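The following pair of complexes shares a single chain, chain A, combined with chain B in the former and chain C in the latter.
Right after this comes the complex of A and B.
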């Protein structure tokens, strides 16, 4: 990783630390600054309220020319988060072909928060969950809350 | 590029300013090899001792080598004194622009950043990192307006050698000259011919300082050049120093304990602070105050209480963890128990303990019931027992707990075996019932078959009788064959109608007559 990229990550961290979106906490390790840990509280107006989620943001070596990789370390029942060990999240500005170098990590964090409040059904990674969200909202809410209780307390 | 420099260097006619702005850094590397630069090196009034000049007057090849080791400052790495206008920041590196270029879409980037961005793209698909407008790197890059360059040049930065001691702060446009020419802390190669380690420019004239020596006070061994540095001298624990508060002279080693516990002039809070006393004064005064302060007298007691609370909390923690582990173990055991029960699927099982399934076995019960696992709810005593074991807070011992656990498991097993026997009884009952029904069915069927046989028998005998009768009839008809075909037809009518045979319609099929008979 080039020094420029490191410098940029440092700057982004400074920016995030100065203006962290509500309910988030960033754990930053200077020794390994390409891996951020984010502790995220489920937004109050979402069904994930009360849950505490651990996210990992990994910056590729080509950052900022390649998008950072966001993954949920805590299991979450969400149409846009893959339901496996990786818990990867791939959508919108995080997609390799949509990513632009000027995008900032803060906006990525904001996007994640918005998605917890309002999943993006048309761009889902878990079609079954997306389907349930569309057709059986009650069941979806119940499952999501159940998962929050089980994994995210 | 012609921004006036606030510090005009002694011989400023050289192109160094221009090169710092626009030229590639390499162009600077050969500049200092001119002999006249030697004066510039020693330019700042602090350093040029005759010794320095002599040292740098060594053979020119050596000189070039030492100067060439200087690394021009990386603009991206500079530390800015004040926050920069966000419009002057490159969106890729998030630092103020370095040699910015303008794309046709009016987006600005550092030259280097946009090149990096394009490295990641395909040859003919180069586009603006912000808006994705197609760009031809050969043609479309244009210089940015002069005013922007000026604003960038005037940003105030710190010297990159700040960490090693330089406190230079000035406009960015000058940083290159400062680092390459004036800064005493820029690293150059050691003057000694057989040493290649770097050394600060200000220590250049002292000769090679890269030999290990030991500190005369604390006997730690370190490099001579580090010994020279003031900051290291101030680290040595055995050097004497003055207490900043009471000005007593003592070893650095002892300074901390002195300040913490002894120094009468250092200001400390009253020892009643944990109870709420707000007095903070120099140690002497505080000692006077504590004699009268009621809170200070209470403080030790409170401290002890606090310590006790903390100890209890610390003890609580492993206990709660232990409970968690035990709970987990218990759930594991129960879950092991249920599948062991449910796996016994060699014959269809309905849960005998489940009240829902206690209605009579339906006739179709021989089909395997899909859900035969015991729902956990059917074993209420297990959670209960776990509750009771945890409800007695101080376990007498681990063994006691294990014994209760064992007891409850034994209960569990006996319940399961009871359930199994009951189940077996019910199953055999069902099988017997089923057998009975089948037997009855078979009796019915037998009766029906018998009826059929009787009927068939009767039919057969009737037909046989008829046939024998008609055979007799035809023989009589053939005897009187002069009457013609009509007579032979009448033969089919059977013996009873033989008298009227001559008047009847002549042709009738044999089957018709038999059918009539059947109806009878």
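Right after this comes the complex of A and C.
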């Protein structure tokens, strides 16, 4: 990784640390600055309220010319998070063709928070969960809460 | 046909095989075909004229030719719009090289057209340049300093030169983008024009960029298609439109020797139209036939949905998996039948016979499919052995040269025979997929006769091909005749089928799954 990229990550962390979005904690290791651990509380107005989610943000070598990679380490029942051990997300800013180098990680974190409150059904990674969200909201809410209880407490 | 073409091609064209063997043939029918109106008016005089109903007009282009085509069009439109060539190129790419639409749109709503193509306010003629700006901080790498070279397009999103370069490098090298690279500014949709790009990136990257631009040109143009052969750099132009594909099978022949279908890029699949080929391949691939057999012979347990084959006479079924007991006839729970079993029988009599009919029908359709599939697969198998055959042929040719003292040119008949075989089998293979969907009418019999004649001719030649070396020399004349006959039969079949297809004389049962 280039020194430019390192400098940029450092700067972004300093900004994040000074003004961390509510409901978030960032664990930063200077020895391994390309992997951030983020502890995210389920937003109060969402069905994930009360849950605590661990996320990993990985910065690729080409950062910031390629987007950071987000993965949920805590299982979550959500149309935009893959239901496997990767827990990956791939939408909006996080897609290589949408990402622009001036974009910041903090916008990615904000995007994730927004998605917990309102999933993006049209760009889902788990079509069956998206479908349930659309067709059978009750069942979706029940499942999502169930998973929060099971995995995110 | 251009003689260079022939030299490069791995397969002999029909004409060539015909020319070799004209002596043995009655050429009347050929002559008539030459006089036919082909239905595709050639707009470009360079396009080689089609000779048969099953041939289409096409032209092969090299990368250089494609480039100069683009340049020519850009220049032409640039003059009309009064925009510089870079902007014109962006506009043309934006509208997928639809000149007329661009000119209409531009004349109608100039500003909107420019905006949507990412050109923003009218691009005057001050060229893009690097600037040093006091107090500048790059939003990407966070570097600052008065000596920092920076760049921005007219949208004003300014970044340092290194970052701009790196951004373009990532887009071009890693993501293979060219025509639609946007300004790196957050949310900005302005497209990076080629003049800015030329200023920013290294020579080697420029080459890649222009290569990619050429790619998008061919991808965007409806009448151009890349040759799908591995490592082939040519593109083929052909006027056949998508909507015509039910009536024409546009096989084209690239300068690299590859025969492919212009409609779908698959290997030559004459005489079957693209849509049939697609359906057929999917059918064969899907393994839907297992499902077909299951539906013909089994029912599902009404409780656990296990698939059950009835293997005894008794209607009292017990599911092995869930022990559910039911009646095969009405699928109802067995205990509910009790003494009223015969009522069930009577009630179900009509639907029972319907079900039997349905099952018999399904069985019939399965056998029909298998008939065509086995023949299709057989020819495909033989086609896959083409390579072996070819290698064997080469060996035989050398052996023949050694044992009989024949010259290289005198043993070429084996090569021609081998290639004719390959080509005919390829055609035969697709006649079976074609026939599977073909609805019966007066013409199907003629089609089947043609198919039979070609198949017999192929088998005759194939048999002779297997003869031991010492006999081959004496068979030369015979073999030449049979090769010519095969080729002739193939042309007749293709010609006849293509003609009827074009005239709409065939109908297909496409709903067949």
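Criterion: the second predicted complex is superposed on the first by the 153 of 153 C-alpha atoms of A that agree within 3 Å, B and C clash if a C-alpha of one lies under 4 Å from a C-alpha of the other, contacts with A are read in each partner's own complex, and residues count from 1 in each chain.
Note that a residue touches a chain if its C-beta (ideal position, glycine included) is under 8 Å from a C-beta of that chain, and two chains touch if they have at least 3 such contacts.
It should be emphasised that the depicted structure is a prediction, and the values quoted were computed from it without experimental measurement.
> Assess the superposed three-chain arrangement around chain A: do chain B and chain C clash, or do they fit?
After superposition on chain A, which the two structures share, chain B runs into chain C.
> Between chain B and chain C, whom does A:62 touch in the aligned arrangement: first, second, both, or neither?
After superposing on A, A:62 lies in contact with both chain B and chain C.
> One more residue to check, A:8. First (chain B), second (chain C), both or neither?
Touch status of A:8: both partners.
> Could you say whether A:96 touches chain B, chain C, both of them, or neither, answering first, second, both or neither?
Second partner only, chain C.
> Chain C: which of 7-15, 97-105, 187-195 or 439-447 bumps into chain B?
Clashes occur only in 187-195.
> Which residues form the common part of the chain A surface touched by chain B and by chain C?
Residues 4, 7-8, 11, 62, 64-66, 100-102 of chain A touch both chain B and chain C.
> In the complex, go through chain C and note every residue touching chain A.
Chain C reaches chain A through residues 139-143, 159, 162-163, 166-167, 169-170, 174-175, 177, 182, 184-188.
> Given the complex with chain C, which residues does chain A contribute to the contact?
4-5, 7-8, 11, 62, 64-66, 96-97, 100-103
> Along chain B, where are the residues that touch chain A in the complex?
Its residues touching chain A are 74, 76-77, 91-95, 112-113, 116-117, 119-120, 129-130, 132.
> Would you tell me which residues of chain A are touching chain B in their complex?
On the chain A side, the touching residues are 2-4, 7-8, 11-12, 15, 62, 64-66, 100-102.
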